[in-house]
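There are two complexes below, and they share chain A, which is joined by chain B in the first and by chain C in the second.
This part shows the complex of A and B:
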């Protein structure tokens, strides 16, 4: 079980994630990703990993635990 | 900028005890509050659990849970976040300026209990910093206590931005969501909380949970500090039992009738005074009835956009877009309203910190509560006929 996560301090809105993972990522009017927020299943993991590696800003991540105050 | 130092109390004075005589030096502090008892970590956890003490910086995170998430050993620092970057709030700098020993007792007491060698105090206000430094010289704590002045930008007060500033880095939140209790000061476990939280801890350690719980509401006993501002005759910081009705506070401070803002520029609007119990909010602002509410909110929208650290795209573009949308709404351009609706959906949850979320909450609540004004602005008259008086301060604190 994993979820896509964006480091917003790194994201520059290149938009590759939306091209590679059209089902999970859309782009807003400024070109920044909008995540659908659903769980990435085991079968989809390879595609998701490829998108993470393709992000030119190293902003897209797969996170297994998302924490926060 | 006016410094609000007027203090008053409804019910018991705990945090503000003795302040009718002015600033409490070491001797006056001991005279008023008595010595800080030495408690163990387990005792602090029990006390916080028993009274449901919550952090007083706005997020209201349970202190007992924060303590429980710290590891058994290796805790590096206790950090007092006194950056108070919300522009209306004055309670923290007031405590640091007038009752610095109470805050230091809370911080050093907990640091001893946790075995943390450092106590770090992040302060933005110069007078507050001076008062704390003076207080430290009066004490004989066997700890390294450091006071650091932090920049005043809104997001610089965010917990992880404060840690970054204390380490000598930029005062901006990092992109990774890490918990200070796991990776805080120099990536070591750290207990960080707001100034008032430490003052409450000092009071709680002295009173014990039973006496502490003699005021407030049963789920969250105790007192709270509120900064009361805006169209009120007696603005300032006031200590009340938790759960005091909003009405009581407004009447006590001589507020003009009209809409009320709770929780500052990341908070929510109410159309008018009500019996609503006040809990988990540190700011009450009365807008009054003479000023144009949407014009006031527009000024704050511009300020909120200017306070973005500039790190995260949706915050930079979204808040700038919203400031422009609100400007068009005020001028009677309906397209501003439609754009605002869309932008309000695009901002929350899309940043390294909660600034976009808080700003969107404040603006969305304004559109909801100022429904009638919205109709007047977007109708034939293209306005509500009232000038913008600047009741909502946006100067840099």
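This part shows the complex of A and C:
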């Protein structure tokens, strides 16, 4: 299990995360991501990893240490 | 002689692939459409990796080939090759740049947790892309076909493609904040 994280010091609101992970990320009215806070299942991990690598600002992260709240 | 053909073909196609990678890199990082940007970025990476594989084939083939005298030591010390020393030096420096640019690009995600790296990686990546310009110089200076019209046409189109991408980028540049301000939602 893993959870997405956004480094707000890096995020520029390019919006690739919301395009690639529509189920986990929405965009606010200024184009910045809003996480839906869902757990990323093992099957979704490859796509989530791809999205992390696609972030132009390297602001999207995958935190694998979180085991639910 | 077969190796010499392989060397030339791999070299030319590697140059075209890195040109594609460079042009797409310039265009994609200025693109404000997330879906389009993702695909441009994807093809940019694929082209760079294909180019790197062909570049390695090119280097192995020219060293292994007996037609020209190029010793493996040029990889460590680019100057003083028996065959066209200046062109070979330019080519080896191009190799360093392109390999470094590809490594910097590939390491991007892995080193993202270091703040210093993520701040400077784009600068490192772009600086290393100077290897691309050197590769065009190498294509114009070395090789059996360098003065053949079709080869000159390929080299110059590669140059034009990247310069064109640069102009396109400068022409369509819009800071993300302005794009966002004009975004109707």
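Operating definition for what follows: the second predicted complex is superposed on the first by the 65 of 69 C-alpha atoms of A that agree within 3 Å, B and C clash if a C-alpha of one lies under 4 Å from a C-alpha of the other, contacts with A are read in each partner's own complex, and residues count from 1 in each chain.
Here, a residue touches a chain if its C-beta (ideal position, glycine included) is under 8 Å from a C-beta of that chain, and two chains touch if they have at least 3 such contacts.
Keep in mind it's a predicted model, so treat the numbers as computed, not measured.
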Next on the checklist: Contacts for A:34 in the overlay, against chain B (first) and chain C (second): which applies, first, second, both or neither?
Outcome noted: first
Next on the checklist: In the overlaid three-chain picture, which partner chain does A:11 touch, first (chain B) or second (chain C), both, or neither?
Outcome noted: first
Next on the checklist: A:19 in the overlay: touching chain B, chain C, both, or neither? Say first, second, both or neither.
Outcome noted: second
Checklist entry - Between chain B (first) and chain C (second), which does A:54 come into contact with in this model arrangement: first, second, both, or neither? => result second
Checklist entry - Which chain A residues lie in the overlap of the chain B contact set and the chain C contact set? => result 10, 12-13, 29-31
Item to check | Contact set on chain A toward chain C in their complex | outcome: 10, 12-16, 18-20, 29-31, 52-54, 56, 58, 61
Checklist entry - In the complex of these two chains, what residues of chain B are touching chain A? => result 59, 61, 159, 172-179, 311-315, 317-318, 342, 346, 350-352
Next on the checklist: For the complex, give me every residue of chain C touching chain A.
Outcome noted: 29, 32, 34-35, 37-38, 41, 108-109, 112-113, 118, 121, 176, 180, 183, 185
Checklist entry - Which bits of chain A are touching chain B when the two form their complex? => result 6-13, 28-32, 34, 59, 66-69
